[in-house]
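Letters A, B and C name the chains as they come in the text, with residue numbers starting at 1 for each one.
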């Protein structure tokens, strides 16, 4: 029995909890991509760098707050900086829309032109972030580190496996649930949210219903920028902030959005967790886990790992390709691109 | 301005810029830039074939360039005999099993009716294949990678002249492009872009981590050149004689024999470095001219007209009985092969393969900027874009440092802001590139040299 | 002077002029029907009234005011509601939400209008929480008309509302449209089913190659032997 409990704890500690928090981060990112796709109808290649921008703003504000001696008790100070950072990032997103994308809406450009434009925005954001904060790793998490420490857990339960639950992980999961609940309430219950869904569903009819497209687009950018900032900050708190990594996050995020069904908010969330679990579960070394659960005669001799750890990122791309092959609309039947 | 004047004008400005660097910085720097410009131009031509002729948004240029790079190692590096004897057998068995799995899977897919039964059988085939292949494979990998890991630890290559790898690189890229084409062509542009971006990342991840093939993060360096080495030149009589003749004037004004010898040594060293670069320039220039010539001919042929027709009116072309997907696959493979060739050229001039250096910003999106700014659909435009964008990509840093130098002189030295600005200088290029792309797309969407179709009167 | 009128409309979608100077008008409490052979420019004429194409000549008057320069959205604000022929519901949204979207611009309490629509189309009340995309063709058409009515329009324009629905559903739909007209709304329809449509029409316009061939009351057109022979199949 304790063997079995140990195995469960082991798996929770190294697979389930990390995947839940990483999955939440991806889900928030993918929600932003999927909303922009649903309303503006293009895949925004600049989303990863928008996350980096929002996180950078948060870090600057956090440093400023810390220099004033402000802290948030056991929670990271970055949370206090987050609202202002969201406002700044949203303003930036609106500015890019005004200067770049709006023109292409006016001339009714084909989607590929938007993508090229978003590549341009991606370059700009990329350079801007590197110029302002540099390329190095930035650790900006402060406050208490653990909700449950592995050693405390061992003492508490007497098991030989420890379970550690970091504050940033708990925060990520809790905040993701809150944000997603708020977003769904907004989309399902409010007049503006319904107008966004209507516009995404049938643009022409939305126009004939008097829905103002500029307003819908504006709200979409504000939400996408907020989600990007929150996702980026949570990822940065949980791991660390490095501009290049944020650019790389773009692909797992696209994978999440497409696996779930692009344009479908619920799909983005499910997709986020699927991608995260696949990445972590397929590169986890199951040796110890199998030793706990298997009878002694069947214990593995090797590492019992499906893929080497270096391929973690690649798992999401493979998932993406498989979904393209098998079911291009994704799980929740998103728009076929 | 007519189309012709515009082209001549644009290329004259380019030449002036390069001359400016030659006189201002040094000829060596200018030649390095020109050589990489040539490689970039070939890549841009490949992408232009896909985007400009067929409207395919290939965001995976990086993957094809990296495949070309691998070809350079596999062709030119000397084979590592110990590694082959340590793990070659198991590796071949593993590859055989892999091929068998694929074959069985293919037969099952063809022969069985679609449905859950087929899915189950396919899953079984894949799992059994994977586990049987995995054992041999990991044994082979372990054996190969433990052979003198500091120096080799991989299988090496065929030990052939590296220039062959340019062809092989093209073939590798074409093979992978065929596979991608099967998966992703026929999807809408956004999906195709994301898929190609993802696949190129998979390719690079494989090259980064399959140490038995590429040494992975340990890099493969010291690849044999297709051109002479500087040290060889410096000790060969004909080269010394040539340098003597070239600089006869400067040498004759030397006061003493010793001084003459010193000056000559200087000339020989700088001359050898420039000579090597000129050799590369000759080779790369030849490739560029061949690719350019073929592309121009293709564009103006009936095939090129059909391609543009498909790009502009896909539905109409398809209604006229043109097989759009087949044509797209064809041009995707061709374009990717050209990019593969350029990738091999790049590894050749670097003399080393560093999988860690491949990043999509530099290898995929920058090539995009070249094609769009140069003029999509216009081959000379792609070449111009390749030169111009590479030039600015390289010169943005020194130029912004120069500007900053003046700014700091005004602001006063030593301030934290000054240091911050100097640190930031290398990243100016992303910012400038992005702004340029956005501006060109908005105000001159057809690029500097717009697509030009010769009308038959 | 009719409530809505397009006078001497000429124009197209960028290519050749489809409309060659046709005139359409309808008053409140009336049904006007545009009929004619395929390619006659029936839908184009309606789109011209909605402001969806560039007119080279002619003008559109609403309640005596020239609205030729207003965008389609602004005409919606002026009380013109439109039901497109296809894709005329928000398929992923519930029936109720579809109606709410129709009332998007309204700041007053629209519950009364919604109740009226539910009593006009009782089946919609029953299916109010079902996604519109899951309904049958006829029910979808009712949702589409209901959504348009939610804007509280003075003019209701329908592009082939009975395309693809069964004859029974068609008759019922025409009955409802008659009820709508009685509420004082100007109804303008483009119809393929000319005979049935002219039966309920107060005015009929027979368009051929972008021009008015016949313009009269519905009954008169039905009685006109030329119209019968050429357009009503005898």
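Keep in mind that, in the parts below, a contact is a pair of C-beta atoms (placed from the backbone, for glycine too) under 8 Å apart; a residue touches a chain by one contact, two chains touch by 3 or more.
Computed from a prediction, not measured in an experiment: that's the story for all the values here.
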Set of chains whose contacts include both subunit C and subunit A: none
Chain whose Cα centroid lies at the greatest distance from that of subunit C: B
Averaged-CA centre spacing for the pair subunit C and subunit A, given as whole angstrom: 46
Length of the line joining the C-alpha centres of subunit B and subunit C, rounded to whole Å: 59
Distance from the mean Cα position of subunit B to that of subunit A, given in whole angstrom: 32
In subunit A, residues with contacts to at least two other chains: none
Contact footprint of subunit C on subunit A as seen in their complex: 191, 194-195, 197-198, 201-202, 204-212
Residue ranges of subunit C in contact with subunit A within the complex: 72-73, 76-77, 81-82, 84, 87-93, 97, 100-102, 104-105, 147-148, 151
Touching residues (chain side subunit A, partner subunit B) in the complex: 37, 42-43, 45, 99-100, 103, 110-113, 115-117, 119-128, 130-132, 134-135, 244, 247, 251, 254-255, 258, 302, 308, 310-311, 313-314, 316-318, 320-321, 324-325, 328, 336-337
List of subunit B residues in touch with subunit A within their complex: 55, 57, 138, 183-184, 187-191, 193-195, 197-199, 201-202, 205-206, 208-209, 359-361, 365, 368-369, 372, 423-424, 427-435, 437-438, 441-442, 445
